[in-house]
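Below are structures written as structure tokens.
In the two complexes that follow, subunit A is the common piece, with subunit B as its partner first and subunit C second.
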Partner chain A sequence: MAAEYALRMGDGKRIYLTEEKILSEIEAGSGNAADLGEIPDLSVDEIDKLAQILMMPGKAVSVEHGMEVPVTHDIGTIRLDGDQGNSGVGIPSSRLVGCMMHERAFGADTMELGHIDYSFKPVKPVVANECQAMEVCQQNMIIPLFYGAMPNMGLYYTPDGPFENPGDLMKMFKIDKARESMEHAAEHLTRDTVWVMQKLFASGADGVNFDTTAAAGDADMYGTLCAVEILRTQFPDMYIEMGMAGEMVLGMHGELEYDGVRLAGLWPHEQAPLAAQAGANVFGPVVNTNTSKTSPWNLARAVTFIKAAVEASSIPCHVNMGMGVGGIPMLETPPVDAVTRASKAMVEIAGVDGI
Partner chain B sequence: MPISHIMASGMTGIRAAGDLVARMEFSKNMRIGEAKEYVAKKLNVDAMDLSDEHVMRELREELDIGIITSVPGAAKSIAAKMNIEKLLGIKINSCEAFRKQIA
Partner chain C sequence: MADIEGLLHEVADAVISCKKEKVLEAVEKAKAEIPPEEIIEKGLSAGMNQVGVLFERGKLFLPHVMIAADAMTAGVKLLEEGMPAGTQEKKLGVIVNGTVEGDVHDIGKSIVSTMLQPAGFEVHDIGRDVPIRSFVEKAKETDADMIGTSALMTTTLQGQREVIELLKEEGLRSRIKVMVGGAPATQAWADKIGADCYAENASEAVAKAKELLL
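So, the complex of A and B:
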């Protein structure tokens, strides 16, 4: 009987696969990415290397000496002191304590400060509080400390915001009205994020992390790219990271363009050059995890997409590898065996500049 | 989960030289190889040493660029970042703000 290796499904459940099955899953996952993105499949050597990583006997694996990369963070200290029923663990602690714990105890290469809602719009009424927190943290820390938040353009639509919900308008076939609503929301998104970051940068922030860009589709990405462009012009030395929400930009609007490129339907390797063009220093590509597929399938698919993005990008790429993205299983407590294998594969095969 | 990534692939921040390499990626858009090479040259070490806690523990103290423990008289926070600015030839926003405030 052929040896079986303990691996995971996309939801984290343990499964046992033979080497033959692992190889066929890798080929299928890579092929799926190649078909969708019209990018190269993994080579035979890369497939073999990925299989070797997945079949390593240890529970935790790591990159080879000398191949380590800097790690950036989303959600900041909220993973410690927050609790939204997902990644926060609700430990009563200040954000300064959280930042310093990451720097001095957890070995973080960079860190970020974020509002409990982790969206730019709700920061506006409490921006002074955020500036105070940033100043205190910067006075106590050494590693780069960003301000992080989600563009989260959905907050600009009714019932949460001033503009009519495009989903409701489209249901009534008011397509032009829906597009207008998205364009207005994007303008406000740009204006708000620039205003918030003007304050935070004046308070000593090293930069900004736009986390989950394009969560509300192409207009969300358009608004964020415009914000990046304005911030780069106003603050040439600001560190700007632009991370995505999903692998493909959803065409909610369908006709928006940035720098002559239609945003709807862009894959990671097509998104990266636009982030660089707008003025970002680092791009954070995303590939979603399919919970019904195996970890070899998901990881091969993610590595194929990200490798193409890294090659297409003129700026460093820090791949998103949180819960349910980048080959990581979709659950609150991703198994260490799956996380470390995905981490190693992204560095050694996809060639990422950071995670 | 972030700890799993740090242990598997990270440069472990100020335990070694992860913060310095990250600063070069963000301040100069350097890709990982170029950033490591740049920092290694400034520190006069091999790129391999940038993730070596044994090498970097003593070197960070010697360069006064911040370490995880308390050493009497050693630079911390803004002071350490000002030394990093000089070492890497970059400007750090919080240091710029601090200088403006005491001018």
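So, the complex of A and C:
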């Protein structure tokens, strides 16, 4: 009987696959990415290497010596103090303590300060508190400390914001009005983000992390790219990291363009050059995990997409790795066997610059 | 003799082009040669299915799906105008569709509703963050054949099980089918909670609804 290797489904369920099955899943996953993104499949050598990583006997695996990459963090310190059924582990701690724990205990290469609402819009009324927290953290820390938040353009639509919800307008087939609403929201997103970051840069922030760009679709990405462009002009030396929400930019508007490129439907390798063009220093590509598929399928698909993004990008790519992205199963606390295998594959096959 | 295949292709292509006038023009041309049911199934629905595929591949976008759905509905109406009373297309079934309580994700569920309607279902989209009881109440009110539940978070998946449990309590489970969907949902999850089917995307939702209700 052929040996079976302990792997997982995309929802985290434990499965056992033979080498032959692992190879066929890798080929299918890579083929899916190649078909959708119109990018090259993984080569035979890369497929073999990925299979070897997946079949390694250790519970946790690591990159080879000399291939270590920087590890940056998003979601602020919520992974520590969050206790609302999110990714947090519910440890009561101040944000200063949380940031310092990441720096001194967890080996973070950069860290970010983030508000509990973790979106730019709700930071506006409390920006003075955020500036104070940033100053205190900077006085106690050595590693680069960014300010991080989600563009989260959905907050500009009813019932959370001033503009009519495009989802509601679309259902009434008011397409033009829906598009107008998105365009207005994008303008406000740009304006608010720039305003918030002007204050935080003045308070010592080393950079900004736009986390989950394009969560509300192509207009969300448009508003973010415009904000990056303005911030780059105003603060030439600041680090700007732009991370995505999903693998493909959802076409909620469908017609918006940046630098002559239509944003809807862009895959990671098409997004990266635009982030660089706007002035970002680091791009954070995302590939979603399919919960109904195996980890070899998901990881091969993710590596294929990310490899193409790394090759197309003129700036470093720090791939998003975590719950439900980067070939990692969708679980609140992703299992270490899956996380370490996916991380090793991203570094050694996709060639990412950071995680 | 007119090229039946060609006329049906023209109708389907018109839907894919997302232009209402073009759809109406193609339907008008086809209806002189082809029975309305065939135009709906092999022209309009075939086109709409293709729109769904192109949407999932990032080649068409949400406004296009909405425009195509609107155009298809107009095409069906045009065909029904010429049909004798009582022979108009019957609805394939009544479906209540919503995102479960605690979950505000709306887009995926709305796309499923949008695709189900032109496919011939009467759809009652009850929105997002919907209390469990509201699914069952709406199903009773509309005499629904199926309830569709969407959940986009691992923490809200449980709501899909609760809808099924409430249907059982109310003695309605044998009569009303349940479809589950959303990123964390899987076929294994559907099996575990006793749902009738799991659909990964909007096109699959249409196909599975047809399988279960026809």
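Here is the rule we go by: the second predicted complex is superposed on the first by the 354 of 355 C-alpha atoms of A that agree within 3 Å, B and C clash if a C-alpha of one lies under 4 Å from a C-alpha of the other, contacts with A are read in each partner's own complex, and residues count from 1 in each chain.
In this text, contacts are C-beta pairs under 8 Å (C-beta built on N, C-alpha and C of every residue); 3 or more make two chains touch, one makes a residue touch a chain.
Please read these numbers as outputs of a predicted model, since none were measured by experiment.
Once both complexes are superposed on subunit A, the partners subunit B and subunit C fit side by side without clashing. In the superposition on chain A, contact of A:L250 is made with subunit C only, not with subunit B. In the superposition on chain A, contact of A:M221 is made with neither subunit B nor subunit C.
By the document's definition of touching, of the two partners only subunit C reaches A:L36; subunit B does not. When the shared chain is aligned, subunit C comes close enough to touch A:A264, but subunit B does not.
In the superposed pair of complexes, A:M330 makes contact with subunit C only, with no contact to subunit B. By the touch criterion defined above, A:M9 reaches subunit C but does not reach subunit B. Looking at the shared chain after the overlay, A:H65 reaches subunit B, while subunit C stays out of its contact range.
In the superposed model, more residues of subunit A are touched by B than by the other of subunit B and subunit C. Of all C-alpha pairs spanning subunit B and subunit C in the superposed arrangement, the closest lie 17 Å apart. Contacts of subunit A with subunit B, set against its contacts with subunit C after fitting on chain A, share not one residue. Put simply, subunit B touches subunit A in their complex at residues 1-15, 18-19, 21-23, 25-27, 29-32, 35, 47-48, 50-51, 65-66, 68, 76-78, 80-81, 84, 91-94, 97-98.
Residues 9-11, 13, 36, 85, 167, 170-171, 173, 175, 178-179, 217-218, 248, 250-254, 264-267, 288, 290-292, 324, 330-332 of subunit A are the ones touching subunit C in the complex. Across the complex, subunit A meets subunit B through its residues 60-63, 65-73, 79, 102-110, 138-145, 201-207, 237-239, 241, 281-282, 314-316, 321-323, 328, 333-334, 336, 339-340, 343-344, 346-347, 352-355. Residue ranges on subunit C touching subunit A, taken from their complex, read 57-64, 66-67, 70, 106-107, 110, 114, 125, 154-155, 183-189, 200.
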